[in-house]
Structure formats: structure tokens, C-alpha cells
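Input: structures, listed below.
First chain A sits with chain B, and in the next complex the same chain sits with chain C.
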Partner chain A sequence: MEFFIDPSRCIGCQGCVHACAECDSHRGISMIHLDFVDRSSSPQTTPTVCMHCIDPTCARVCPADAIKQTADGIVQSALQPRCIGCSNCVLACPFGVPRYIPKIDQMMKCDMCYDRTAVGLKPMCATVCPSGALYYGPREAIEKNRRAHPINTFTFGRQVVKTKVNFMAGSTVEELEIDVANFMEGAGEQERREDT
Partner chain B sequence: MHNGKVTLRQKIAPQAGLAGSVAAAVVVSSIFLGSSNLSHFDWALLPYALATIFSAAALTYRCAVWLQRPPTKRYWQQGWRLFWQGGVIHNSLYLTRLVIDNFAAQRFIARRSRQRWLMHLCLSWGSLLAFAVTFPLVFGWVHFETSAADLHTYQLFVFGVKLQEFSVDSVQALLFFNALNLSAVLVLVGIALALHRRLTEPEALALQQFSQDLLPLLLLFAVAVTGLGLTLNARWLHGQGFGFLALTHAAAVSALLLYLPFGKLFHIFQRPAHLGVGLYKQAAQAGPPAQCVRCHQAFASQMQVEDLKRVLSELEFDYRCNGPVLHYQHVCPPCRRKLLALNQGKNFPGVGVWGSGAGSTDDSGLLVSNAGPRPLTPDPQVEG
Partner chain C sequence: MARLPVSEAQLIAQYGPHLHYEPPGGWQASSTAERLVKTHCCFCGVQCGIQLKVRNEQVIGFEPWEEFPVNQGKLCPKGVKRYLQNNHPDRLLSPLIRTDAGFRQASWDEAVTRVVDSIRRIQSTSGKDAFAVLSGASLTNEKAYLMGKFARVALGTANIDYNGRLCMVAAGMVNKMAFGIDRAANPWSDIPLADCIFVTGSNIGECFPILTDYVWRARDNGARLIVVDPRMTPVARTADLFLPVRPGRDSALMNGILHVLIARDWIDHDFIAAHTVGFAAVQAAVTDCTPQHTAEITGVPAASIIRAAELWAEAQNSMLLHARGIEHHSKGVENVLSCINLVLATGRIGRPGCGYGTITGQGNGQGGREHGQRCNQLPGGRDIENPHHRQEIAALWNLDEAELPHTGLSAVEIIDAINAGTIKGLLSISFNPLVSLPDAARTRAALEKLEFYVAIDVFLSETARHADVVLAGSLQEEDEGTVTTGEGRVVRIRQAVRPPAKARTDWQIVIDVAQRLGKGEFFPYAEPEELFRELCRASAGAPVDYAGLTYQRLEQNHGIFWPCPSPQHPGTLRLFTGGSFAHADGKARFHPISYRPPAEDVDAEYPVILTSGRVVSQYLSGTQTRRIGPLVDQYPGPQVEIHPQLAAKLAVKTGDLVRVESRRDALTLPALVVRTIRPDTIFIPYHWPGEQSANRLTIRALDPLAKIPEFKVCAVRLSKVTDCGLDGQRKSQAEADWGWEKQG
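Moving on to the complex of A and B:
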């Protein structure tokens, strides 16, 4: 059983956001992010869960040693006795996942519903996602039924990041290079104005 | 990258080993000095002293390794720099307030739940009281003698110097002799509250581990129960089996001291880093903000972003980018999430509309897309 994310399938229903808050490991606080990609011009939304990096940047930049990776590759939420609320992890994660919770002065993040996935159940978000944007299941099923194919290697600048969670990409893509320069906010509007 | 980690560890280990040895030597010297060359040393307490020496060495070793890790080292350096630069009196007052709030009153735990707060207060103050009593006794720094003139008068010696006399029937004697019993009761109340939480709260049940969450409670329980047992035994069982009970108590305390550097309780020594982070956050708020290179919104302090770039490089991560972005640290977290979706759209082959139509469901319950992708921004022709 593996986790597969496909933002192109997200319909913005918020089901994952509410289901996430039901998770026993962080009850009442939703850890999943659901963002509008470019609200001014498109209703497209994108869900973000922790990608559970093989070599997690968040854990390495933590000054308090508060972020631990379990033997099965799950990067856990910050250990409460240790986390000192510095937000290093929030700023260092290349996927923008950890959240700083001011009320308790600590970081919290998606732990892939460890209480559920550790015993073979699906994470809450994948359980309720109606469009398959968040899918948890066997790799064979997704390879058979989707045109896009799963990858788990990303490039941010010169840094290659490998993750436990899979991301659905075009069939020819083996490594997703994150391009920032061509997606500057406001650039599209500028071009459209120039066209008209 | 892994080679880099090994090199860093190899570099740190000898220094940390030296620091640990020095700590052990300091404890041994303080025992010699405090007990007037072992003349007041209570040999019955030898196992406690040995466990303390080992624990001090291991704790110092671990602290030294921890402080040399790039992110910790950066906060350590910045914390001190900000302390000296920002006005020592102002910063001392600020840190005093933090110490009272976070260490004495532990209010940050109350914000999680009142029960956890009460539990932690009982456990921490109970344990601290016990250590404050036992360490000076074990090291021979404090000892009591009966007055030769009056058997009902006790004399208190600190570092071999007589400090005061008091009657064995006084309130002071009652407090002195029962300080450890009081601490044991506090610890037991804390353990009861902690166990209640660990047996009933879904969050705790989901994530707790035996070695990290239950073992320390078990060790504290063993220490508190055997310690209280010594008093009860002496008072009501006329010392029957006292030797065995004393040995069990020594074993339990030694196990707790040996667990300190390796398990959950190490947070006692890490937590003061919160003070440095407090100063850092204060300075970060006052300083210039970092603006996202993509959306131009302020998202963090420039100081922290620059520090992180340095730390990432020391950890052998290379998030430097070509072109106008320069470094991925210049992109704010919400934009990083959006960029993932935007780049997915960019890399889908062909044109079309993402997820148009309802699609169909296959045997496994997957929604099978019946359409190709579309760019995330609307087609200008359609819009116009």
C-alpha cells in the first residue's frame, strides 16, 4: 500500500481537510493543506500532505532533534517535549508542509495518519477523497488505471529530493523539476493584458 | 550526503568525548572537595554516586554532540550574540520572565490541557525536589550529626561546615526528613495523571512508544514506590527487609540516572534552548522581513531565511536555484505547495481539459480520468 497524490484531480471539496481533523494523532487540528493554485484566474485547488522525504530536510534543520523518522519511513510530527517552536522546519520544507501552531508554540505536521496506516488502514484524507486526488492503495492499481504515472523524485534548484509518497506526473516524466521562474505570480495576468 | 554526516560525527565525537570526561572529573572532584576528602562520604550511597558520575559524563557527551549540530549551533551562537547585543539588562529581564513562565509555571503546557499541566508540574517539581535533596547527600556536600551534648539536637553540615542546629521534634526537622517522601507523593500523583492520559486519550494511544513514553513513567514509579517503602518499612515494619528494599531503591534510581541521557527525559536539558529561540524570535520580529520571490508577500524574517540557507549548506543540502530565484528559501511555503501543482500541469503531455466530465470508476474504486490534462490557467480564447 502506497500513497499517491494527483493535484490535477482535486475538486476542492474540502472533504480531506475535515477528515484530517478527525485523525486520532492530531484530533481537532487539520494538517492537510488545500490551496487555490491561482485564485484570481482558476478554481483549481491542490491538496498537500507530507511527502515523507527519504532524507527529510525538516528533521535535519531542527535544532531540538524533535522530528523523528520511523523505521517504515514516516516522518513524524514534532515531539512535544522537545519542539521549541522555532519554525525552521516550516521554512525549510521544500513542499511547504509543516505548520507552526501559535497556541501551543509548536510545529505539527501530517504523519500519514500513523495510527491508521501502521495497522494497514488508509489515511483519513485518502479515505474520503471522492476524485482520487489522494489515493492510498496498491501501486499496480494506479499504474493500471491512470494515464499519469507515479514518481517520487523532485528537483528544487540543485537539490534532488526523494520521497516515500508518490506524485502523479506525465508519462514521460521521471523526475519533477520544480520550475519557479515560469510561474511568477502576476506574470500570466501581465501577458493577458498585453495580448488584449 | 551520508558521507558528510559521518565526517561531521567523526569531527564532533572526540570533542564531545573530552567534554564528557571533563564532566565526570568535575563530579568526582566535587565529591572529594565537598566531603572533605571522603571523610563525610556515605559509602552506603556509593551506587548512587557511580550512577551520577556516569550519567553526568553521558549527558555532557550528548549535549556536546547536540550543540555541534549545524542548526543547534547556529541558534546557540545567534542566541548569545543577540543576548549581548540587545541590551543585557533588558534581555535578562525578558529571559527571567520566560524562565518563570516556561520552567517554573510551565504555562505553555496548560495551553495543551489543564490535566497535562498538573501532571507535568507534579512530575517535574517532585523530581527536582528529590534531586535537590539527594545529590548533596550523595556527594557528601551535606551531612547531619547528632549533637554530643543533646541527642535530640541535630547539626546540619554543608561542605564540612556546621551551618545550624535544630531539634529533631521541630517543624524544620519534619520538613527535612520528609522532603523525599513529599517528592515521592508528588511524583506518584503525576504518574497517575500521566497514565490516565496514556490509557484514555486517542492521541496518546495512537503514538506512544514503550521506551519513550511508558518506560520513564515506570522508572519514576519504581523510584517513588521503593523510596516511600523505605520510610514505611522503618516506621511500621521495624526495618524488616530494609536492606533488600534499600538495594531495590538504589537499583531503581541508578536505572533512572542511566536512562536520563538516552531517552525522553533528555528534554530537560534540551528545553532551555527555548530561551535562545525566544530571543531570536524577538529579534526576528523587529528585523526586516523576507519577501517571497514569487508572490512578493512577507513570510518570515530575513535573518532566519539567511540563517537557514547557511545551515542547509552546512548540512550539505543545495537548494540554490538558477535565474532570478537564487535559492528555494526565497519561495514562501504556500507558493511551494502551488508550484508542485503548477509544475505537474506543465509536465503533462498533450493538451486538453484536466478531469473534464465525471470520469468512470474502475473495479478498485479509482476514478479513471477520461480526459487529458489542461493548463491550470484558463484558455484565453474561452475566457474572451
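Moving on to the complex of A and C:
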């Protein structure tokens, strides 16, 4: 079972965001968010859940070594005894996922509903998503049923990030260039920093 | 005399809407359920399966119900947060009687006695029909049936109608005219099987979010998507062909597309000959509807009209779906008929992946229109003026046929009759006409004129504030019953918890009133299942046949599609297979449509079209959803969607207050400047009351047949609000709500 995000299917309903706040491990606080890309010109929205990087930037920049990965690759919220609330992770995450929660002076983030997936359930957001923009299931099913195809490599300038969560892209796309610098003259000559 | 007993602010302080954010005991309380109750969401005609978590006899949350086949666990934000309507601080916990100082709590005995005395007084002096009933399409089938019988038998009034009059009534009437039966022709599982999906006047992504997945699956399978809408909705964004129709021109557009199909001989002659009546007249009616002519009327380019015909013709199997966007018109019936003409002319109905349907909007939009709470209808979808139908129901109800009232007034006409003084008393249930009817000032005047008004409701709605007596009823999850979904599937609603404190189930309240009116013998029900058995018997042999349904069968089968005439019958997934229709001759009917303009078109004085609709986080008049904090935060209040071209003329940018004025009234609301709407049109969602109520602007024009109001088009003029004062405060509030200052 894997997680797939397809913003082209998103209808902006916020069902995922509300459902996230119903999860037992962080009741009342949603760990995910949803944005209009540019409401003035389109109703296009895009949901953001944690991408669960193979080599998570948030963990790399944590001065307290508070952010841990489980053996199956899920990047967890900061450990309470270690987190110093510095927000390095919030600033460093290339996808904008971790949240600093002032009330508890601690970082919290999407853990792909570890409590639910551990007992064979789907993550809450991917269960309720009305449009299939958030999907949790076997790779074979999504490859068979959908025209877009999953990728998990993103380049942010010179940083290449590989993720556990997949992003649905056009059939010819193998990795997503996020940074304008990637499209500028000389971009190909620069050394790419492989993080994996 | 039903003016507000005290100021609106005092009523709001006591009865809300207040925003409710947390489950009982707060987020720190245990979220472990003692039991999960498999039932359905109350907030639209899709009726998604959902499991309510119950602990200490309180609903504390939800758990997805992935086994229910329609939504497989999926939910929109309304479904996710619906549980917050339980244990709500605004919940009415006992009967209320109005006083000079507001409302006071009363015993059931005192409250119902007051109701019955008032009914008797009004009816003895002014006649039976002087007391009217306004009912709701969010009620279960059992309650819809009960309200129809209560009005005709206990009150003896002809004047009962329901808020489906504002919703599905045009499409329902057309289904009977064209097909002889009123139900969506196909199950939603047919959508992913189609090669072409034609959506007109339906913001599926916001109003029926779960059906989006069906449309996307069709696209995954290679289907082409055509969307007709004056706004680029979340689904229209992805369309192969987007036809941004000028509001009020829908039948002209469909005629234009049919013209191309006929001109290019892309119609199904065999189907027309074998299974339909009346094509020649339709052909004649669209002869002049050339693409160029159609483009001039509709504002849709001629090339797009031709392309729509091509995409439709290329498909083997197609689904045409519509909703309120084409139905909320003074010619709603004509708009729907023009769609059916297209479907029939191309023989695209009655096969897997191939058909047609309206998507019903209200929780029980389908069932609510079947069991006799409409002013012209008896149970089983029977016609109240059909002598045979009258005999059947009179016999079942142990009445003389002559005692059965005839056709009464429709919802808007009831308000008019109150204003005219012929209706003096009103009972309402699950209906908030002050917010949901057009021309709200006129509705308010009617409420203030009533001699006696009793409201059955769970919250003190804007309308119920005018009541003399308020009877605390039940939420959907506080009672047993059934609803019929937009695809014709009858499903079970389960009681998760009992009504709190002194509140009672709606049906018990209504039966109590009937008994005290001396009509108890006609209402011998001890539980909803007895009502269901009677409504099934009442439907036997009728157009809407539930005779073979039982609670047990519905529970075992995740619902059953009607018609289901016998206990052995599996139900009817798809109608009209083999081209067999429900008219006596088995044939469908064409109806020639000539386009006519909306009741109030734009002119030099009021040059902009106003169209109204919904947002994803609110339901109908908002009596429930405007009390659920997270849903309100998502879309705090109405904004006026304005295209940049129009905004430039007014020098308005997003966040500025604009005054929108129609011939009825004026509103001042913040602007949202977007390229996703026609430049000649503005959009305001309608879920809010008072100073934010879009229905203060809308026109009371009705479809002559269906009596559905023209919510989707009227003429307005706009101006930028620059002075401060009260509007300045409201702008600050709107800025805080919407966070514009943060957006820069």
C-alpha cells in the first residue's frame, strides 16, 4: 500500500483537512493543508500532506535530533522530550509540512496516520477524499486505473528529494522541477546534489 | 401576529447561531466509541454512508464506512463535521412559547394544546385551507408520508407543500412528462462507464463532492467531459469542452446542439421511431436554432456549440447530468425538457453507462418528493387530481374520497396567500423559508402577518424566530427511518442517539397534534417502521412502487432501488432498459421547446446578471451548517464573485465592499475578483440570512408548471462602497474572516 497525491483531481472541498483533525493522535489539530494555486484565475487547489522524504530535510536540520523515521519510512512528529521548538524543520521542509504548535512548544506533522495504517486502515485524509486526489492503495491499482503516473523525485534548485509519497504527473514526466532556477540557462551544468 | 418577540440580537445571543467546534467533553475526552452506528450523511442527495461514533449516548465523532458501495468511506467536509450538530449549545431542548420577553420553555401539554386550539380557531372561522403546512425534503420518507397524511387527514387542508419546491420539482415534473416516472434513469455506477459526460447546471465538485470521483473515473477510462456553467467550477476546470452559458439561456443552448445533431444526421432514427412520440415537432422547433443564432442568445461560441454536438455524437454511451443550475428558472421545466430531447433524439438512455438524470440536492430530495407532501401529490407519486389515485388513497386511509382535499398552493404561493390574508395559520417543519425563498422581504412580511405560526425544528432558525410556538424536534441521527438517494436507492437511516432532554422525534410530535385534533385513529403508529410499512402499501401499484421493501431488506443490501413491487423483486438498478418507458404505450415523449428570456432580463438600469448557488461547506439555508464552527471558518460568509473586466469598471478589487441592488432590495458584501465567472454575471451563494441573504435580491418569478422560483437569474446593478460607518465595520469583519490582509 502506498500514498498517491493527484492535485489535478482536487476540488478544494477541505474534507481531508477537516478529517485530519479527527485523528486520535492529534485531535482537533489538522496536520495537512490545502491551497488555492491562484484563486483569481482558477478554482485549482492542491492538498499538501507529508511527502515522507527518503532522507528527510526536516530531520537533517533538527539541532535536537528530535525527528525520527520508522523502519517503514514514515517521518514522525518531533519527539516530545527532545524537541526544542526552534522551527528549523518548519523553515527547511521543501514542501511546507511541519507545524510548530505554540501551545505545546513542539513541532507536529503528518505521520500518514500511523495509528490507522498500523492496524490496516487507510490514512484518514485518503479515506474521505471525495475526488481521489489523495489515494492510498496498491501501486498496481493506480497504474492500471489512472492516466497520470506516479513519480517521487523532485528537484528544488540543486537539491534532489526522493519521497515515499508519490505525486501523480503527466505520462512523460519522470521528475518535477520546482525551482525556476532549474529552467534557467546553465542549470544543467550545475552539480546536482543527490540527497539519497 | 408573528413579529420577532424581542430584537434579533437578543434571539441570536440565546439561540444562536453559535459556532460549535469540539466533541462532547472537548478534544481531551476519550474518542473511543461504545458503538458505531452505520447510517448516512444528512447533507445532500448522495446520502454517503457514514458510521457515527457513540459514547455515553452522545455522538462523539465519525468513522468512515468503507463497505457502503456509493461512497466507500469518502466524505466531504459537511459529512466529516456533521457530528458537531449534536450536543450543540443552540439545540432546542423543550417546547417554547413566545412571550413579550422572547420565548419561555413550556411543557409539551401546554405547547401542543396551544397549537391545537389555534388550529381549531383559525379553521373554524376561516376554513380548513386557512391553515397551511410547509414541510421539508430533508425529512425521512416516513416523515414525508406522515406530513402529507397529517395535512390532508388531520388538518383537512389542501395547502401543504415542501421545500423541494425550491429544488427538484422542475426535474421531477419533467421526468413524469417525458418518461412517465420520476427517478434518475441510471445508477451513479453508470457514470464511469460512459464515453461522454455532459454536465449542465451542476457544480458537482461543491454540491455533490463524492460524485466527482465517478466523473474522474470516467475520464480515467477515456471519457470526454462537457460542462455548461456560467462559472468555471472545480469540475469545469478539467472539461474537454467548457460552455460558459449566459444565465437563463439553457434551453436555447440545448436546442442549438440538437440542431447540429439533426443537421448532420447524428440522431438515432430507429430509437426515435420505436420508442418515442413527438419528434417531428421538436425537429421543427429547432430548425432555426443554428449555431450562430444560438451563440448570439447564449454567449457560447458557435464553434463550441458544434464541438459539443461532435463530442456527444462520437460517443457510444453518454450520461447527461444536471442539477439546480438549469432547474431554478421560470422556465425550469423547459430547460430540463430540452436536455431530454437531446438524450431521446440520440437514443442515449436505458443502457449500462448510458442515460440521464437530475442530481437531487436535498438529503431526501428524491424520497421527499414521492410520498405525498407536495401540494399536488398523493403517496406513491400519485396525482391528487386523478380520480383513480384519489380512490386508492382514500380507501387506504379509511376516508370518503370527497373528504380528500384537492390541489393546494405551492410553497411560494402559500407565502403569497399569507400576505393576501387567505392563509392565517402555518405549521413548518425542516423548512427555513426566510432564507431559502426568493424575495426575502416578502417572506418576512408574510411571517409578520400570520395569526398563528408553529415551527417544529431542532434549532431556532431565522424563520422559527417568528413562531408563536416552537416544538423541539429531532435531528436525522435521532430517529429511525429511510431516505431515497438521488439515484433512487432507498437506504436506512439509523437512530444513533435519542433526542436530548425534552426534545421528541418529529413523528411523535405530529402524531400528538393529530391525536389532540381528534384524528388519532388515522395515526396508529408506534414506531417509524409502521409508517414505512404503510407508505410501502400506499405505493403498491403506483408509479413509485416500494411494495417489496422492508427495513431488513434495505439493511442487508446497502439499500434497494425502487421500483421494487414484491418481496422477491431485487429492485430496479436502471430504468428504461430496451427503450421501455413508463407511459401506458411504453414510449417516451418529446416536447418542443422555444426559447424565451428570463422573467427579468438585464437592461440599462440593472445591467448585470445575478446568479446564486452553494458552497461546499454549507447546506441549504444553513440552519445546521452555520452552527458548525469548522464549516463556517472554511467559508465565513457570502462574497460576490466578479470578473476582473466588470471589477475594473467599478474600480473594485478583492475585499472591497460592493453594493448589489436589485428591484427588490440591496446588499453590501465583499468582492472576490476572479476570472472564473462570465464578465456579465455575478455570483452570490445563498446560505445566509439577513444582511448577507442573496435571496433578498432574487426574484419571485415562478415556472408556470413546476412553480419553482427563478433563483438562477435576475438583474442587478453594482457600485463600490467607499463610505465608512457600519459598512466600514463590516469590511473589517470581512477582512478578519477572509484574511485578505494576510494575502496582501
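The rule we apply is simple: the second predicted complex is superposed on the first by the 178 of 196 C-alpha atoms of A that agree within 3 Å, B and C clash if a C-alpha of one lies under 4 Å from a C-alpha of the other, contacts with A are read in each partner's own complex, and residues count from 1 in each chain.
Following the convention adopted for this analysis, a residue touches a chain if its C-beta (ideal position, glycine included) is under 8 Å from a C-beta of that chain, and two chains touch if they have at least 3 such contacts.
Computed from a prediction, not measured in an experiment: that's the story for all the values here.
Counted by residues of chain A touched, the larger count belongs to B, out of chain B and chain C. Contacts of A:Met112 after superposition on the shared chain: neither chain B nor chain C is touched.
By the touch criterion defined above, A:Leu176 lies against chain B but remains apart from chain C after alignment on the C-alpha atoms of chain A.
Once the two complexes are overlaid on the shared chain, A:Ala59 sits clear of chain B and of chain C alike.
Looking at the shared chain after the overlay, A:Gly12 reaches chain C, while chain B stays out of its contact range. In the superposition on chain A, contact of A:Met168 is made with chain B only, not with chain C. Looking at the shared chain after the overlay, A:Ile84 reaches chain B, while chain C stays out of its contact range. In the superposed model, A:Thr127 lies in contact with chain C only, and not with chain B. When the two complexes are overlaid on their common chain A, residue A:Arg158 makes contact with chain B while staying clear of chain C.
Within the superposed three-chain model, A:Ala21 lies in touch with chain C and out of touch with chain B [touch as defined at top].
Common to the chain B and chain C contact sets on chain A are residues 8-9, 11, 24, 27, 41-42, 44, 130-132, 145-147. The touching residues of chain C, when paired with chain A in their complex, are 21-22, 27-28, 31, 61-62, 64, 66, 71, 73-77, 79-81, 205-206, 209-210, 212-213, 216-217, 219-220, 232-235, 237-238, 616-617, 630, 634, 644, 654, 672-676.
Partner chain A is touched in their complex by these residues of chain B: 1, 66, 69, 71-72, 74-75, 108, 111-112, 202-203, 205-207, 264, 267, 270-271, 273-274, 277, 280-281, 293-296, 300, 304-305, 308, 311-312, 315, 317-325, 327-329, 331-349, 354-355, 359, 362, 364, 366-369, 372-373, 376-378, 380, 384.
Those residues of chain A that touch chain B in the complex are listed here as 6-9, 11, 24-27, 33, 35, 37-38, 41-42, 44, 46, 48, 55, 57, 60-65, 76, 79-82, 84-88, 90-97, 103-105, 114-115, 130-132, 135, 137, 141-142, 145-148, 156-159, 167-173, 176-185, 188, 192, 195-196.
In the complex of the two chains, the chain A residues touching chain C come out as 8-15, 17-19, 21-22, 24, 27-28, 39-45, 122, 124, 127-132, 145-147.
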